[in-house]
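Two complexes, one shared chain (chain A), two partners (chain B, chain C).
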Partner chain A sequence: MTRMNRRALITASAVLAVAALTATTIPAQASEVGVSNSEIKLGMTLPMTGTASPGYNKIPGAMKAYFDYVNANGGVNGRKITIKVEDDRYVPTEAVAKTNKLILQDKVMALISPLGTANNKAVAASVNPARRGVPVLFVNTGFSGFADTKKYPTTYPILPSYVMEAKIMAEYIKDNFAGKTLGLVYQDDDFGTDALKGFTQAGVTFAAKVAYASGSQSAATAAGWVTKLSTAKCDVVVLFGVSSATAAGLGTAAALKYAPQWILGSVGGDATTIKASGVPAGVLYNAVGASFAPATTDAEDEYVKLFSDIYAKAVPGSAFDSYVLGAMNSAFVAAQALKAAGPDLTRKSLMAAIESKGASFASAALLPLNYSKTSHVGYSGYWFGKYSPTGDLKPVDGKYVLYTTDSGSGAVVKSTWKRPAMPAKGLPN
Partner chain B sequence: MHKPSNKKRIAIFLLLGVAIYFLSGAVDELRVYQGASVAVFVVGIASIILLTGYSGQVSLGQGALLGVGGYAAALMRIHFNTPIWICFAVAILAAAVAGALLGLAAARLSGPYLAGTTLAFAVGLPSVANQFQLLGGEQGLLFDVGFPPLSFGEDFTQYKWFFWIASLATLIAIFWLQNVMRSRYGRSWKAVRGNDVAAELAGINLTRNKTLAFTLSAGLAGLSGALLAMTIGTVSPSAFPLALSFSLLTGAVLAGVTTLGGVMIGAVTLVAIPDIAGAVASRFGSSEAVTNNLPGLLVSALLILTVLFVPNGPVEQFRARREHRVNK
Partner chain C sequence: MKITSVKSRAIALLSTTALLATIVVASPAQAAAVGPTCDAKTPIQTCVGTTSDDAAYEIRVPSNFNGTVALWSHGLGVSWPVSAGLLPPFPNGIPVDPRANVAPFTVIGSTSSALASSILADGVAVMGSGFSVQGWNLDEAVKTNVELIGIFKKAFPTTKKVVAWGYSAGGGITQALAEQHPELVDAVAIIDPVAPAPAMQKLLMDALWLFKTYFDPSMKLTGYSAGKAGDLEATADIGKMYSILASVGANVSSGKWPATAGPSGKALEAAGVPSRSAMLLCALLVGMPVQSASYDNINGPDGALKLTFPLAVSPALASLENFGVALTSGLSMAREWDTKFGPNWYDNTKTNFATQLSESDRDIYNAALSGNTVIDALLGVLNPANPAAPRMVGEASAVAKAAGMYSTTGKITVPTIMMTGTNDPVPAASWIQQVSDKYAVQFAAEKAAAIAAAKKSRSYVAPKNKLGVVWLKPPKNWTKFDATGTPIAQSYVAGNGHAAFTQKQFKFMIDAAIKAANAGSVSTTGTFVSTARKAGMVRDKFSSYPYLKYYN
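Right, the complex of A and B next:
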C-alpha cells in the first residue's frame, strides 16, 4: 500500500512538473505579436542581480515609471505599454535564454534597452531577432558595430559610440588643455580599442598609456597605473574605463596624493555608482565628465523636472541619477516611436516609423537623434562638465557646450542645435 | 547487482535517440532551445561526476575548462572554417590538454588545496581572453555552426538543429563515459576514491590514475563548452563565469554525484529553475526583489534538501532502497 502511494505520488509530481513546464501563455488576439487592442508588450534583459547590477538595476523601475505615466494618461493610441524584465546577471548564456523566453513564450512585440555588448552580440547570433523581424530598440552599449544596418537590420542603438566619444574628448582636450602632458587609462578590449581608434584619429598623443584587463581593476592594480602616470609626469589623465576602474583609479590616486586633472569617460562616469563602490564623492570633485543628457541636478530643465517628479512618486527614496534619466529618456523615445507607428501597430510599422520620423522625435538629450533609412545611429555627441563637491556632473559656468561627430573619419564640430520644447505634459505627440 | 549487457545498452541509447527525434518535433521552439541547454548541462555535469564521484577529486574550475573548449571550437571555425564535428573534436582535445596540466598539479593536492587551485583557475582564465587580440576581448568571438541542411526542409529551425547536434554529441559522450566507468580505469578510480592508501597497496598508480581522470573529465567539459558556445552563437569571458562552475557542481550534487543515472535530473533542474521561479513569482505577484532572487533561493534550497535527505542523489537512493527491499 505504501509502495502504491509512493508510486502514485511520484507519478503525480512528474505529471505536474511536465505540465508546469509546457504551460504557455495565451497569445494576444491581434494582427501582431505582442500587440492587442489594449496592450503593447515589450521585453528587456539586463543584470538585476550580481556584480554588474549596481546602477543598471534601476533602469527597469525608471522605464516602468515613465510608461505607467503614459498609461495613466491614456496610453499610446489607446494601448497601455507594459515591459517584462528578465535578469541575465550579465552572462551571455542567460541573456540568450531569457531573450528566447521573452520572444517565444511571453511573445513580446519588441526588445527594449538590452544591456551589454557581449550579451547583445550573443543574442544577435543565437536568437537572431533580425531573422525573426523583432525590433531591438535602443541597445544600452556604445559598441559602434550595432549601428551596422546590414548586420543588425532591426537593431537601433541610442548611445553615442565609443569612437565618437574619444574623438570628441580629443577635441575638448585640444581646446582646453593644449600643451599639457597627457595620460590615458583604458580597458584592454574592444571597448578600449574603439577609444584608441578615436584618439589616434584625432591626433592626440599620450605620454603614458595604461591598459588594464577587464576585471583586473582594484586598488592594488590602480597603484601601478598611478606610478606609471606620475613617472611620466602626466598633468591630464583620461580614465576611459568602467565605473569600478574609475573608482579604483581615483581612490588610489587620492590616497597616493597624485592629483592630475581627471577626464572621465561616460561609461565609467556615473557618480552614484562610483560612490556606491566606497569611494568618497570628494575625489570626483573637479574631474571632467561627459554626457549627452542635461545634468540630473539641472532643475531648470523641463525634462529633468518632469522625469524626476514622476520617478520620485513611482520609486520613492531612490536617487534620480544618470541611469534613471537615461532610462526614462529611452522610454520616452520608445513611446514616441510606438505612437508614430500609428494605430495599426506592427513590428514593421514601428521600425518604419523610427526610420522615417526618428530624427524628429523629441527627447531630453541636448543633441538630435540621427535615425534614417540608412542610419541607425542614435545620439552623436557630448557636452563636458565638471563634477561638483557632491559628485554631480554640471556644465562649466552653467553653459552646455556640445560637440558632435561620427564613428568614421568625420570632423568634430560644435553643435548649434537647439532642443525643441517638450511636448505637452511630456507625453508622446 | 545486475548490469545491462552491451547489446541492451546500445539498444537503450538508440531508443533514446529516436525518442529525442520525435520529441524535437512535438514541442515548441523555446522547449527545443531548452532541450539543447539540457544537453549542454548533461555533458558538463557528467564531467564532474566522472571527476568527483568516481575519482574523488574536487574541481571548482570546470567552467574554465568549458571555456577552453568553447574558444578552441570558435577559433577553429573562424580561422580554418572546419566542419562542426572537427571543431568539437578539437574542443575536446584542447580542454583535455588543459585538464592534463591541471591534473598533474591536482594529483599532488587534495581537499581544500585542490579546491583552491581549481578555483584560481576558474577566476584567472577568463581574463586571459582580454590579453590576446586573437581571443576577441570582452566581447568575444562568434561561433557560427551554420544553418541546418536544406534537405531537412524550411520549417527546420536553427534551434532544432542545435538540439539535434547537442543531443547526438551527448548520447555518444554518455555512452562512452559508461564504457570508461565499467573499464579497469573506472574500477581503479572507485578504489582510489574509497581509500587511496589501500588502492596504492593494491598496485594502483595514484598520480597516473588521478591525472587520467582529470584529463578525461576536462575533455567532456570541453565538449560541453563547445556545445554551449554553439547554442549562444558566441564565446566571451562572461559566458564562462565562476557561477557556471558552481551551477555544474550544484547540478552534479542534485543528480547524485556518484552515479551517472541521475545526470538528467541535475541538468533539467538547472534549466527549469528560472522558469519555475518565474511561474511561482507571477502566481503570487511578488515584488521585484523576490522575483530576481527566487531562482538562486530555489537552487540553494534544493541543494540543502538534497544533501540532507538524499546525499547520494535521488537515483542512488532509489536503487539502494530497492536493493534493500530485495535482500530482505
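Right, the complex of A and C next:
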C-alpha cells in the first residue's frame, strides 16, 4: 500500500507540474459569453410599444445606426457590435422576464441602456446582473442610487442624476425667477424623490407641490394639477415628470388658459415627443429646459453633424431629437469602452476599462464623464435653455453655460471644462 | 373589463391546494407499535401498521427490491377540524384524513398512485406515515420517521439506502430529519419546504395582523376559546379572511374597501387610497410573492388597460390569490399554536413594518401601490402609536414556548436535493435561496480546508458537494383574458402555487436523491442539469430570491 500511495503521489505531482507549465506557457484564450472572434452581443430592454414608448422607441434604431457605422469601419478590435432589443413596455416584471431572456437565452455579453428606474431596480433585484457579473452599461435613468457601487457594482449610469438636475435647476430658478411663486409637479416615486431631494438640498420652496402616481397622468388628472397650481397662484411651474406627464400638463394648462413660466425636466422635455403628443409648439415656446448634450439643432457641433448624418442615412425620415442624440452618444461611449477593454474582451475587462479609462472617453456631452475605480457616476451637469417658436430647445443667447454638481451636498458651480475634439470620423480611438 | 368575476373563481382554486391535502386529527401518544402487517402480494407487497405514537404507516415493497427505500413526509394538515357549511371554498368542511401517504398526494397531470408505481418499478420501496400530530409537527414527525425507518430495516434487512423526501411541511420534516439524524438517511429531497418555525410564524402572523388592521379589526387571531367553540371562532376568522379577499378582488377597479374595514381602513378609503394597494402592501411587507397562477403582472387586456392592468392592478390580484393559498393554513396554525402555547404567544410590538418594505419593492410596484404618498399613508397606519392599530402583545411564557419549537438550521449534512416553484406562496424560494447561500459558504470553507490540507499532504482531496437546487420557473407570461377582457383564473401554471409539480418533476427529485445516496454526493452538472431541464426545471447557480423578512 505504501508503494501505491507513493506512486499515486508522484503521478499527481507530475500532473500538477504539467498543468502549471501549461498555464504559464500558453496564452489565455479570450472566452466570454456573448463574445466571439467576430461579434460582441449586447442586449437592451425598453418600451418599444405601448403608451410609454413614444420617443424611447427611437433609441434602439439610433444605437444600431451608430454601431453599424462602427462595424462598417472595421468594428471594435475586429469584432462587430450587435444589439438584441426586447420590448418591456415599461413594465418592471416584463423587464425582468426579457432581461432573463437576454442573459440566459440570447447570451448577451452586457446589457446596454436599459430604461426606467423601476425596471432597472426590478432587474437588479430579480435577475441580479451583479451576481452574474453582467455589466449594465449606461442605464437610461437618472436615479442617483444606481451610482452606488456597493449595491450595483456592475451598473454604470451615464445620465446626470435627478438630484443633480434639481439642484442645478434650483440655481437657475434663483438666478432668473427670484421672488416668484413656485409650483412643482413630480412623479410620486424614486424619480420624484430624487428631485425633491435636490430641491430641498438647494433650499427651494414651492407654494404648491403636486405628486402624481406613475401611470396616473392624463388630461383628466392634469386638470387637477392645474387647479392646485393656479389656486396657489404659481407663476413658475417645474414639470419634473415623464414626457406623457409633461404633455398632459402643458396641454391641459393651455386648454384652461393657465400659462405660467414652465420649466421642464430633461426626462420629459423632448420637444419632438411633446409635440407628437398633440401639444402645439407655441405652448412650448419660451419654456425652460435642460440638457447635458449640445442642442439637437446645433449645426455647428461636430458630433451633432456626424450623428445626424449617420442617423438620417440609417433611419430616413425620422427626426433627430434628444433621444436619438443621447442614444448615439451612449453607443459611442460603449464602443470606446469595448475598444479600451482590448482584444481579450471579457465582462471583467470591460468594466475594468470603464473604471480605469472611462473618465477620458470622448463623448458628445458638454461635460466630462466621472468614471473611476470608486465612481460609477456618468455626467454631472446641465445647461439651461429655452424652447424656440418651433419647439426646439436652444441655449439662451446661443451660448452654453454649463453647471455641475454632485448628488450630495456639493455646491452647484459653473463648469469650465472644454470638450476635446471628436476622434477621427467619430470612431473609438 | 370585468375584473370582479375573477374572484370567486380564483378563490375556488383554494380547494385544490396541497397545503390541506392531508388532514389528520391528533392521536393519543405512546401506544404500542402495531405491525407491520404485510399482504405478501407480488409484484408489490404492502405492509401497514402504526408506530408507537399511533401514527398510521404504509410500506410498499416491490418484488425486485434493490435495497433502497424512499420515505415520504406529507404536507401540513389542520390539527382541528373545520365543520361543513362554514367556509364557501370548503362546503364539506375540512375532513379528517388519517391515512398514511407513501408519495406526494397531489401530482399535476397524474396521481399519487401512478407516481408511487413509477418509483416501485425501479425496485425502490416506498413508505410514509400519517403522523401522530398534525399541523406544525416537525418535532413529532421526525420521531415517527425515525421509528418507521427502524421498522422497515427490521422487516427488510437487505435495506442498503434510505432516502427521505417530502414537500411543504414534509419538506421541513425531511430537512429536520437530516439535520438531527444524518446517520439514518443517505440522501434527502426537499420540495417547497416550509422555512424554520420563527420565520414562518412571522410571515403568517404579520400577514394576519395586517389583514386585521386594514380590513377587519374583528378578526380574533389569538385567545380562542377551548374546544369546539374555539374551532368555530378560528373558522370564523378564516371566513373573514375569505370575505376580505373577495371584497378587495371584487372592487379592484374602484378601490372600494371591505365594509368590515376599521377606522384606519375607512380613513384611508376616505383619503382616496384604493384597497388593492393595501392588499399589495400586505404581500410586500411579509415577503409573499406577487405573481400567482393567474396573474403575471405582464399581460393586460387589449385596449385602454393593456399597460395599466399589469402595472396597477395585477400585482394586487396576484397577492390576494397567493394569500388565499397561504393564509388558510396560517389561520389553522394560529389556532393550533394558540392552543399549544397559550393565548398571546405572538408579539409584534417591536416590529417596524415600514422597514419591511424594501426600497426596490417600493419603486418596482410604485404604480400598483399608488405612489409614495399613498405608501406612506398606508405605513403610517401601522405606526405603533396608532390606537386604531393595536399591536399583538405577547405573554412571556407563551412566547417562550413558541420559541422552543424545533427550528431547522439549513445546515447541509447529507446529500440534499431541493426544488421549488419560484412563486410558491409559502414562500419556499426564500428559504431555499438562504440554504443555498449558506451552503456556498460552507462548501467554500471545506474547499479552503482541503487546499490547506493538500499543502501538507501534497494530495488534494476535493470536498464532496452535497447540495443541488433546481427551480421551477414560470413561463415568460401567462395571464389570459376572455373576450370581454376579464382575466381567466388558472389552476396551474408552472412555478406558481404551492407544491404543484408534475410526475416527471417529482420523479426527477427522488431519482436525483437516490443517485446522490449511492454516490455520497450531489453532481450538479451533466445529467443532473439535462434531466432537470427535460422536466421543465433549471439549475441557476446565480439565483437571487429575497430572504424572508424574519432574517432582514
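Here are some notes:
Just so it is clear, the second predicted complex is superposed on the first by the 399 of 429 C-alpha atoms of A that agree within 3 Å, B and C clash if a C-alpha of one lies under 4 Å from a C-alpha of the other, contacts with A are read in each partner's own complex, and residues count from 1 in each chain.
In this text, a contact is a pair of C-beta atoms (placed from the backbone, for glycine too) under 8 Å apart; a residue touches a chain by one contact, two chains touch by 3 or more.
This is a predicted model, so every value here is computed, not measured.
Three-chain overlay on chain A, with chain B and chain C in a clash. When the two complexes are overlaid on their common chain A, residue A:Val315 makes contact with neither chain B nor chain C. In the superposed model, A:Ala219 lies in contact with neither chain B nor chain C. Look at A:Thr193: by the touch rule set out above, it reaches both chain B and chain C. After overlaying the two complexes on the shared chain, residue contacts for A:Val91 are found with chain B and with chain C alike. In the superposed pair of complexes, A:Met48 makes contact with chain B only, with no contact to chain C.
Taking chain A as the common frame, chain B overlaps chain C at a single listed stretch, which among 236-244, 254-262, 272-280 or 308-316 is 236-244. Residue overlap on chain A between the chain B contacts of one complex and the chain C contacts of the other covers 50, 89-93, 97, 101, 117-118, 121-122, 124-126, 128, 188-190, 193, 213-216. Every residue of chain B that touches chain A in the complex is listed here, in rising order: 27-31, 33-34, 37, 126-127, 130-131, 136-140, 142-144, 158, 228, 231-234, 236-239, 241, 243-244, 272, 274-276, 278-279, 288, 292-293, 296.
For chain A in complex with chain C, the touching residues are 8-9, 12-13, 50-52, 89-94, 97, 101, 117-118, 121-122, 124-128, 131-132, 145, 188-190, 192-193, 211-216.
Listed in rising order, the residues of chain C touching chain A in the complex are 291, 296-298, 306-308, 310-312, 358-367, 370-374, 458-460, 476-477, 542, 544, 546. Contacts from chain A toward chain B in the complex involve residues 17, 20-24, 48-50, 60-61, 85, 87, 89-93, 96-98, 100-101, 104-105, 116-119, 121-122, 124-126, 128, 143, 187-191, 193, 213-216.
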